[in-house]
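Common to both upcoming complexes is chain A, partnered first by chain B, then by chain C.
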Partner chain A sequence: MQHPTWTRPLLALPFLLAGCAGWPSALDPKGPTAADLAWLIQLFTVLLGVIWLLVVLAVGLVVFRRRWTAAAMPMPKAVHPSEERRPTVIVMALVVATCITVLVLTGLSFAGQQRLFGVDEPAVTIQVTGHQWWWEVRYQDGDPSRVFTTANEIHVPVGLSIRLVLESDDVIHSFWVPNLAGKQDLVPGQQNQLGFTVTEPGIYRGQCAEFCGLQHAHMGIIVVAESEPAFRAWQEAQIRPGKLPETAEQRQGMQVFLSHACVMCHAVRGTPAGGRTGPDLTHVGSRRHLAAATLPLTRGSLAAWIADPHGIKPGVNMPIVPLASDELNSLAAYLEGLK
Partner chain B sequence: MSEGTASAAELRDTDLDGPELRARLARTWGTGQGLIARLSTVDHKVIGKRYIVTTFVFLFLGGLLAVAMRLQLARPESDLIGPDLYNQIFTMHGSTMMFLFAVPVMEAMAIYLVPLMVGTRNIAFPRLNAFSYWIFLFGGSFLWIAFVLNTGPDVGWFAYVPLSGPEFGPGKRADVWAQMITFTEVSAILVAIEIITTVFKQRAPGMSLDRIPIFVWAMLVVSFVVLFSMPAVMVASTSLILDRLVGTHFFNPAEGGDALLWQHLFWFFGHPEVYIIFLPGTGMVAEIVTTFSRRPVFGYLALVLSLIAVGFLSFGLWVHHMFVAGVPQLGASFFTASSMLIAIPNGVQIFCWITTLATGRVVVRTPLLFVLGFFVIFVLGGMTGVMVASVPIDTQVHDTYFVVAHFHYVLIGGAVFPLLGAVYYWFPKITGRMMSERLGRWHFWLAFIGFNLAFFPMHVLGLRGMPRRVYTYGPELGWTDLNLLVSAGSLVLATSFGLFAWNVVRSSRSGDPAGPNPWGAGTLEWATTSPPQPHNFDRIPAVISREPLWTPRDSLPVVTGLSVENRELVVSTLTDARPELRESSPEPSIWPFITAIATTITFVSSIFTPWAAVWGSALIAVCVIGWFWPKGSKEDEE
Partner chain C sequence: MRAPYLAPLLIVLCGAGPCQREEREVRPDPAAVVETDEKVALTTITAGPATPVVETSGQGREYETNAYHLSQGKTLYKWFNCNGCHANGGGDSGPPLMDDSWIYGGSIENIVATIREGRPNGMPSFRERIPDPQIWEIAAYVRSMSGNVPAAAAPSRSDSLHAHPAENRQTPRPPVAGGSTPPSGLMPE
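Let's look at the complex of A and B:
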């Protein structure tokens, strides 16, 4: 009865090892940092894999050749020191080889570390603050009027050096987008940094890697890498205050938003809503996902999320705000319109 | 032994022989019938068996939790288990396996085996030994009762602050975890003290340092590592309870505390912990390889020095758990170097064992099969260990399923496979019956295949971006098929343990009688009956070589002169094991049990009120006074 389920993964195995375009993978690097790491991982895997294979072969060969097949246990052998001389030399040689291997690998690792954490003047500095269970993203700028806040979706220009400044508002989180760079923890009371460059435009997914409570599994992050002009255009759009509602339904939705508990936690720039506890919603409609890469952003998913966030992310801090169905629909329409 | 001090009235083993000597010694050292007598026993074999059975019960419980997790993760967005329960389950799985199975099972094996292997009649401080078992039993039960009552810890087995702190971990869940640590650490440290003393002072005459069996050496090193590492986690868990209960701010950055302090304290214990689990495994491997290669182990000195080197180095690795937490880069590279360095002594051990096999006559029985499985699995885990020791590689694989795969390869390969081999190896000694070889082979192959099916694909999942400790994942991430494979493998592995349990139950009832030395092994535990008499040896053996039973002679030389009527054992010098004096060994007592109850009341109450530490101390003091009350017996006067 289990036939299809049993065989499916086995048949798919070679394909799975290679990975697939669009899936997160440390071995499918999209920037020099990740490429460096992928190369190091592959190098170590091959070197260590060969050593492992040799050990296993040695054990197999030894057992096969020295096997005692008679039913009774043979008498224990007395060993003369002279017999041990040759094996001793072999073992010594192996130990020396181990020492050299360890030395080489340590050197490779150290060189990789130097490249990884080398200081590089960033073109874009983004402050990422971890929250249970979403990411606050703040684009720094010398000009305070050009600083803006968004959530769960980071846009970066291709080819430029990016620096993330990582902080946490509550517990420890860890920022990890495997195709772009290794991870770095967000530790309360401390500021960590992560630098990387993306070479290929695309949408890369990552998620929190340090256990952070009930919805650790649903703390995804999206990095959108685009050409520099596209990035600048996006940046300008994000700096602008929230779009005013255009349709009657959206106008009603805005009223619902401003007259309910939403404003206690959420901000929409250009309106009186200035809550800082939850994600900034000024341009929520322009994002690809909702609830930290948990749902694709559509009007339907917005309504579903507002109606019952706990059904989608049990334990999430967002409360259920009781709304009539027309209020809910208009609110979703308003939020979707915040492009 | 000197005859001059022996009182004329006291019967000594020079006066008797044969069955009568055995019967009288058994009466002196035996555990009586009845509930009170059973609770009062101080026989290391009785306590050791209880310890071993208890830890295996925890292994099976922890294994069931693993199966539950794998059922949940078998398909994406499964709603079999919700996040709240899942977080409790993985925390319970890790805590149970590390604190209630892996460490105590190794100490339990040592409690049973070390006194036999060094040729003495009981462990040092036998009442403390009884106390440590009760504390362990009560602490483990406390954790599991809390879990059943939906108060199981849900913060991971390393309980990082601030998630486990007062602000983000409401209720009593994290307190239960922290106090369970206190229970198990107390019991582990006590056993470490007993083993060190037994090995240092109670070895059979002639068992100089270079004649100690490798397993005993391993347990000696482990006991020292326990002694120096466990206090760190007790400090950590106590500070956590203080933060939670009385409002201190050890780990609260807002008030000048430090979240990373927890990680330093925890991993200063946590990394040696890995070697506390693994080194006994290497000791078991050494014994099994020796017996089934039919020759003395190759490179005895190198093996012992490697054990000691690993013991020391294990304290210099802890920061490799924190490479991505924002520690200074120079410090991180130091810990890369030290983490890779530990591969050298481990390599030395592997080479010595392979050489032993290569120059011996290899008899393949179930215990050796598990050791061969150990080579394949553990060495692979060691290789991925070298990878995670590298800072740059670790930034990708840290906290992912790659690491989950790595430490299961190391811990199951390095400790559980040798342990299972050791169970097959020493089961005849403990029960007097052989385990079924046929079932044993089935068990091995199912376990080997199931293990690799369950854990190898995790390497790939980790590199493909799957973090640890997620209760579910989306279908769009490409992790679905491999997770299904892993879950299928976990069921095979679980089945193999079912087979193992069946083999144990069946063989203990109707296995072939074993005789004293079924494997033709060379160490002292095989010199006595199976199962051993309450007094272990009718006469204390005198040791003239590393494998006393392999020395070609008619009978084992012995020392005589010990009392038959009172519990007496030989105390010998530390290096050469020259007999120094006859020392009385404590009689059974109910006080360790009562003291353990008092301690349990104190520990459990103190998570509800800090005042329990005050009145609880008085309660414990009363019990300890009872424990040490002078009875005016000969034992006290000496």
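Let's look at the complex of A and C:
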């Protein structure tokens, strides 16, 4: 039997769904709020799909029945009132069914929203500020000496409730980690909140979901969910000031860092560098990625990024800082050592 | 011969003129980021009858007429805390920048030299602390504060409250020599 050629690409279509496995995916929820959203979209898809099928079947039935009976039974010119009653009842019943469906779906999505924007007291409050094109992350604490700033990587304890306070420094951004929660905008001059809990340890990738300029596509973020003791240990390490350079090369790198343009925008706690307009680099070596989850953090990628940031992210605000090659090497060694 | 469609066609073609937009270099060449050599005069007085030698690279015009550079300059002016001393241009412990009087010259090259080298009584040197293209951007923005750049390129709004009319609405005030360091900028005696 010869299949028509156009069916082959169709048969291959389900394999594309394989791309939905792994991260990040809203259909693979790792927390109650994301599970609520995934359940809602599945319910909507299945329910509305069934209704659509029924409607198409009914229309098809009417068309074909009319075609079969048209010749034998021409359309009457006038319908007797007693025969008109039946269609009226059917239409009324369907209108009521539609109303009930819409109301139930509205109620369900409203209930989902109640959980999404719930006001339960969070265990960890994190202020996330959007910048073109990176994320500033500030861990809030009642004790001001325990507040610290990092960038582009959020660590959270598994099973505890997290609240993000979202702000923006320039244009509108949107925080979206599909596995953990829905999108929430970061609007200049406004504070938005997003609450979620992570149920499974892992590394979840997020992405800016509101077009924010040239490097919007490279404005990624990583959420690292770990056990509470591991999270507390990470938190204590982040609160500490930057590690002092150990080797001669790192010491030279620190001098390069402090005597060049780096200090105008970047901070390394424990040194005079206190710039606030670029990512905090106090523990940059402990992060998994560089340049808003664009490059894996290695000494090589640090050097590449400093030497030519516009080659990696054209239009980025990080300027080209002219450095001699040995200065660049030692600077990369110093930054990599800031664990 | 007169064709009825000729006039509308001409109008449409004229309308296409403004489609030419300013182009922005999003991937500058790292090797091209070098400090330019600007010979500027800080005073009109010289020994002998000749006037002071002024030799500039001429790249200032590129920065003064480019909206992206001017708006970056405006951002960097705040990021690098220029407003810490010069406020929004009205001056504080540093001299005002939105008026017409310039102690060390008001051309973009003079301002670039002032930022690079620093000046007595408080202005620090930003050489190596700010990469050269960014110094030019800030200098171009400082020129826009007194209306000395094309209004079509000057910034038209602030991200915060406006302290004065937007830079593109400033009446041009060509630089004249003069001004002095405000008393608050002087060393206590």
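Please note the rule applied: the second predicted complex is superposed on the first by the 282 of 339 C-alpha atoms of A that agree within 3 Å, B and C clash if a C-alpha of one lies under 4 Å from a C-alpha of the other, contacts with A are read in each partner's own complex, and residues count from 1 in each chain.
The rule we apply is simple: a contact is a pair of C-beta atoms (placed from the backbone, for glycine too) under 8 Å apart; a residue touches a chain by one contact, two chains touch by 3 or more.
These figures come from a predicted structure and were not determined experimentally.
*Asks:* Contact-wise, after the overlay, does A:Asp308 reach chain B, chain C, both or neither (first, second, both, neither)?
*Replies:* Only chain C; A:Asp308 stays clear of chain B.
*Asks:* In the overlaid three-chain picture, which partner chain does A:Val321 touch, first (chain B) or second (chain C), both, or neither?
*Replies:* In the superposed model, A:Val321 contacts chain C only, not chain B.
*Asks:* In this superposed model, does chain C or chain B come into contact with more residues of chain A?
*Replies:* Counting residues of chain A touched by each partner, the higher count goes to B.
*Asks:* Given the touch rule stated above, what does A:Ser259 touch, chain B (first), chain C (second), both, or neither?
*Replies:* The second partner, chain C, only.
*Asks:* Check the residue A:Leu214 against both partner chains and state whether it touches chain B (first), chain C (second), both, or neither.
*Replies:* It touches chain B and chain C both.
*Asks:* Classify the contacts of A:Asp170 with the two partner chains as first (chain B alone), second (chain C alone), both, or neither.
*Replies:* A:Asp170 sits against chain B and chain C alike.
*Asks:* Would you sort A:Thr277 into first (chain B), second (chain C), both or neither based on which partner it touches?
*Replies:* second
*Asks:* Please identify the positions on chain A that touch both chain B and chain C, taking each partner from its own complex.
*Replies:* 170, 188, 214, 314-315
*Asks:* Under the touch definition given earlier, write down the residues of chain C that touch chain A in their complex.
*Replies:* 24, 26-28, 30, 33-34, 79-80, 128-131, 133-134, 159
*Asks:* With touch defined as at the start, can you tell me which chain A residues reach chain B in the complex?
*Replies:* Residues in contact with chain B: 5-6, 8-10, 12-13, 16-17, 19-20, 23-27, 36-37, 40-41, 44-45, 48-49, 51-52, 55-56, 58-59, 62-63, 66-68, 73-79, 83-84, 87-88, 90-91, 94-95, 98-99, 102, 105-106, 108-110, 112-113, 115-117, 132, 170-172, 174, 176, 178, 181-185, 187-192, 205-217, 314-315.
*Asks:* Would you pull the chain A residues touching chain C in the complex into a rising list?
*Replies:* Within the complex, chain A touches chain C at residues 170, 188, 214, 259-261, 263-265, 277, 307-308, 310-311, 314-315, 319-322.
*Asks:* Provide the residue numbers of chain B that touch chain A in the complex, in ascending order.
*Replies:* Per the touch definition, chain B meets chain A at residues 82-84, 87, 155-156, 160, 162-163, 167-168, 253-254, 258-260, 293-296, 298-299, 302, 324-326, 329, 332-333, 336-337, 340-341, 343-344, 347-348, 350-352, 354-355, 357-364, 372, 375-376, 379-380, 383-384, 386-387, 389-400, 460, 463-465, 467-473, 477-478, 481-482, 484-485, 488, 519-520, 522, 547, 550.
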